[in-house]
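Below is one structure. I have some questions about it.
Each chain gets a letter, A, B, C and D, in the order it is written, and its residues are counted from 1.
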Amino acid sequence: MINVGIAGATGYTGQELISLLTRHPMARISALFSTTEEPKPIAELIPEFKNRIDLICTKLNLQALISKCDFIFLALPHTVSMGITPKLLQAKKKVIDLSGDYRIKDIKVYERFYCHKQSDKINLKKAVYGLPELYRAGIKKADLVANPGCYSTAAILALTPIAAFDLADLDSIVIDAKSGVSGAGKKATAELLFCEVNENFMAYKINIHQHIPEINQELSKLAGKKLNVTFVPHLLPLNRGILETIYIKKHPKAKNNGLKLLKLYRKFYKKEPFVRILDEGKFPRIKDVAYTNFCDIGIKEEPDKIIIIAAIDNLLKGAAGQAVQNMNIMCGFPEETALG
Amino acid sequence: MINVGIAGATGYTGQELISLLTRHPMARISALFSTTEEPKPIAELIPEFKNRIDLICTKLNLQALISKCDFIFLALPHTVSMGITPKLLQAKKKVIDLSGDYRIKDIKVYERFYCHKQSDKINLKKAVYGLPELYRAGIKKADLVANPGCYSTAAILALTPIAAFDLADLDSIVIDAKSGVSGAGKKATAELLFCEVNENFMAYKINIHQHIPEINQELSKLAGKKLNVTFVPHLLPLNRGILETIYIKKHPKAKNNGLKLLKLYRKFYKKEPFVRILDEGKFPRIKDVAYTNFCDIGIKEEPDKIIIIAAIDNLLKGAAGQAVQNMNIMCGFPEETALG
Amino acid sequence: MINVGIAGATGYTGQELISLLTRHPMARISALFSTTEEPKPIAELIPEFKNRIDLICTKLNLQALISKCDFIFLALPHTVSMGITPKLLQAKKKVIDLSGDYRIKDIKVYERFYCHKQSDKINLKKAVYGLPELYRAGIKKADLVANPGCYSTAAILALTPIAAFDLADLDSIVIDAKSGVSGAGKKATAELLFCEVNENFMAYKINIHQHIPEINQELSKLAGKKLNVTFVPHLLPLNRGILETIYIKKHPKAKNNGLKLLKLYRKFYKKEPFVRILDEGKFPRIKDVAYTNFCDIGIKEEPDKIIIIAAIDNLLKGAAGQAVQNMNIMCGFPEETALG
Amino acid sequence: MINVGIAGATGYTGQELISLLTRHPMARISALFSTTEEPKPIAELIPEFKNRIDLICTKLNLQALISKCDFIFLALPHTVSMGITPKLLQAKKKVIDLSGDYRIKDIKVYERFYCHKQSDKINLKKAVYGLPELYRAGIKKADLVANPGCYSTAAILALTPIAAFDLADLDSIVIDAKSGVSGAGKKATAELLFCEVNENFMAYKINIHQHIPEINQELSKLAGKKLNVTFVPHLLPLNRGILETIYIKKHPKAKNNGLKLLKLYRKFYKKEPFVRILDEGKFPRIKDVAYTNFCDIGIKEEPDKIIIIAAIDNLLKGAAGQAVQNMNIMCGFPEETALG
């Protein structure tokens, strides 16, 4: 039984972490932290937890975090984690950071996309990118896991076999991504008000979103050459879920060569508990992955191009679910624990 | 042709006023004001107005308001109007105030519900309550009209015949009201974020909402005795529209007396252009009144009680539409102008 | 370990039953039935079950149902269950019927509200009304449980202490109920199309809904006299959840008598695992009960009246969740199993 | 003043046509037809028209259509129009067909995408494709106008300058399209039920949608060579609006050549009343075009590719609004009449 702490407990991701961990037989939440000025029962801050979770949430306190917890989830705004993490690691804690702070290995790229200095270069090097399907072995031994971005998780899982085996023109990748509103967090801004989002739909951060360098980093590594995807995210009028429609040209020589991508994908992900390759002619829907840790992938092969559609729940496989999956791996628990 | 100014142009109500007035053949918008620090084209603040309205919006400026406008709509937060209105009236302007500042005649009641001092008692006395179906003659001659609250409009129209003719037990009135989110305005608060409202529904300000004294004031006046309704508002996960379900006991002696309320309502509202009494067995739906200035009313008569359902668009008959209807009356324009 | 069958597996309630039962350590789904003409994997009919449930769904077949299952959930349209249930009981099966067929003890009342003959009077007498908070002992010994209606569950739980202890004027009960769309089932009718429900809200079956006799039956029993509630259901533009706002006059003599209802409710429901009485000033929200088996109850006491608000997930505490709770009781399993 | 008939008056498009035409000073609706068995007031079939439109809707009757109307809108399911149109044209009526029947000039292509024989080849030749921005002169003289598909309208307007002036690699066009649910019409199918669409998002008819041949036909004509776009439509959980995100590679030689597309687009569409080219850094949102006849276009130019985003209201510029715009052109009315 491990003692788990959550910093950022009242955000949407923190709330999901709490929900998952209360159902986890080998983990016990021992401390919750948020921006609340005075200590308050979590059920007062998040009413749905009434009669379910009997814990006090306090302002973030490094001392308490270290003394009460063996394992720590940081569900904090970008740039905050890197101020805390060195001390947590020094105190021999295991840490999963759900922000973008430790995802980008190239410091210049990080600083360009996040507009902030990377102040913890030492731990950045040790951090393992927490996508179990790619880095399970590394995660197993890691003290610090950088939990992937939600958009990145869907994109990388959808493109890994193609990038790894050079099955198409990797310079032609276009990712048209759509996310539910919880991906934007719980901050009170006018653009996220109900009346602004409901009955509306739009693109944002067009080809400049901070998940782009993450996708490029991982796909480039798989491909063995520098890739640069086109990526446009959109805001869907629904609470949770991401769906990405991905377009790739085939290699010119490969036209009509009878590639059987579906078969290959099915084989590649055969042992993965949370990747579902859909049957021919079937495609992902957000409702089929919402409230689950699955990533659904559907493929349509045309003579000259490939269309891949992937869907996840942005708060689960795209954040808290994947974090618990990583915790399970890091702690030697069965990987699906609390995620079924 | 009158020159019209709007203070509070970028809120949801202000935006509707702009939309309506640009279609009005006898009114010309001559000035727009909001909280913007620097003057900006309204189409930059509200992108849907691009190529439709070519006006600059500036910070509220009394001098400009007075010099540029004959007729002024104040779509400002509660308590702001009463600081400006005296000067506007002194400058011989006609004013429609869409806030609650001039609706409640009893100062003590006002101060209890709005938690703010009433500082303009003189004009409060002159202000006419802008419900055309009740006060058309007064509105015609008024310089200051207090535009009714959205919930109040539906409730009062639904109950006027019953209160005026003592057709039921007026001490038993229960109003269960449900409103779309635009009724809460455009302020950025966490409770109004998309993810908090979507897939959610709840009551709020239970029997303490500030529209209660308005409803009591008008119904009491009609009944000739002090009434006190029970009123619970709820927040609907949709943009615009109010539906109120109203329950009234019949007079004990009146049981089964064959009252034909529907007929009576139809007769009472016969000449009203914006009240539709639905046929027997038909009841209002928000979608039938959304984007219109109609108030739909349906009635079900039971042996011992009456159930009345009323629906309006909270931004139109509940705010901007009714304000333009009042302007039409005050200026001698055909009452339906720009509202069809 | 019991073998469980579900008839009506592909409706919204059936689907929830499957979800719950796959997480149940003492129950094994052994047979699924629906209207499908040809046998099909359930994951083909309900794609979200892919890689989660590996079962074939066939057309309803009494023989198979009896031979494969010990315990049977009937999630069928009203009037279908009563044709099957006698044979299931004869074969010594335990049955939970989620339709309205066995809920109403007074046959005339049943036939008036359901417009259908009651053809199984014998088992109707034996059927226990499956509200554990009222009939736990009876459910424990029952072979046939009539699982309550969704609206009825919330209304009866909200009103039981008041009815049982005569704490208010029981002839004055008004229930204004609002339900998400899944309550209407999955039948393809024009009124339930997305564009008809979205951005819309309306009342329906005004004071004639088939859950009224259920509420009256149970409250009358508690009160020891015939009660007749006023009940108006409304259709909310959201998937799941019911919220009911209930208005009751206090006894005339009881005005201002300092009744402390909240305290009393808290005591009454103290040991109930799925009833949460909210603190003073707090009221239920659909989002706090969605995807849970909780019934949340909030109370506002006024000098002369009581306002009670109750919320449940219509598919869980209002249907499948309560059915599994009943199964747990009938089988001697811990009551909260698979519902946490 | 012309007498206008609408066949298919109770579908979403028919309903919009009625709304628009009742505000049209030079058109009078003289006959409404739908699938209703018995003649009924339109306000009984579409309650929002109560007190607004006093017309009887009857079953489609060619005789009545011809005798009562000069100008006819056919808002019928695909394949129905071509059975009626020849007789209407013979009777010297002007016809706008809102179905796909007369849009595709290549009969083989039509029959492949619509799975139906083209039975009116003679009038197909005469039919003018009703996109005023491309065919205003032809529409002016036409007797039969094929009103464009909703997706096609947005795509063609977004791509016309690029295709006409060969500004990018026209073989690389990828259109990722998203539409509100009203685009699917009012037919009662399980997939369009509220609970199936709400909180869901998915692609459908992946690269096989029937609007593809329309887009290819028009862009090929502009380019002077056969083009073949990649097109994936998705279903948005909202009522009305289409947004398309379009990706095009630049010509290899053209990299970084300082093309100023925005300027060029602004010039190209300068005189178009219903096309708005947004300023640099601004992009379309569905809420800015909903309930209007505008097509908003935003452009992002990257060194090696172009991203164009276009948005329309699928029921207005994508159907009924464009049809009225075409009627205005055909009848010599000011083009913006009833569309402001």
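As a working rule, a contact is a pair of C-beta atoms (placed from the backbone, for glycine too) under 8 Å apart; a residue touches a chain by one contact, two chains touch by 3 or more.
For clarity, every value in this text was computed on a predicted model and none was experimentally measured.
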Reference interface B-C: repeating pair among A-B, A-C or A-D with over half of contacts shared: A-D
Proportion of interface numbers common to chain A and chain B (over half same, under half different): same
Where chain B and chain D are represented by their mean Cα positions, the distance between them in whole Å: 37
Centroid distance [mean C-alpha coordinates] between chain D and chain C, Å: 46
In chain A, residues with contacts to at least two other chains: 196, 198-199, 237-239, 285, 287
Touch list for chain D against partner chain A, complex: 172, 174, 176, 178, 196, 198-204, 206-207, 230, 232, 234, 236-241, 243, 245, 247, 249, 283-287, 290, 300, 302, 305, 307, 309
Complex interface listing, chain A residues touching chain C: 23, 47-48, 50-51, 199, 276, 278, 282, 285, 287-289, 291-292, 294, 296, 340
Residue numbers on chain A that touch chain B, as the complex places them: 12, 181-182, 186, 188-190, 192-199, 237-239
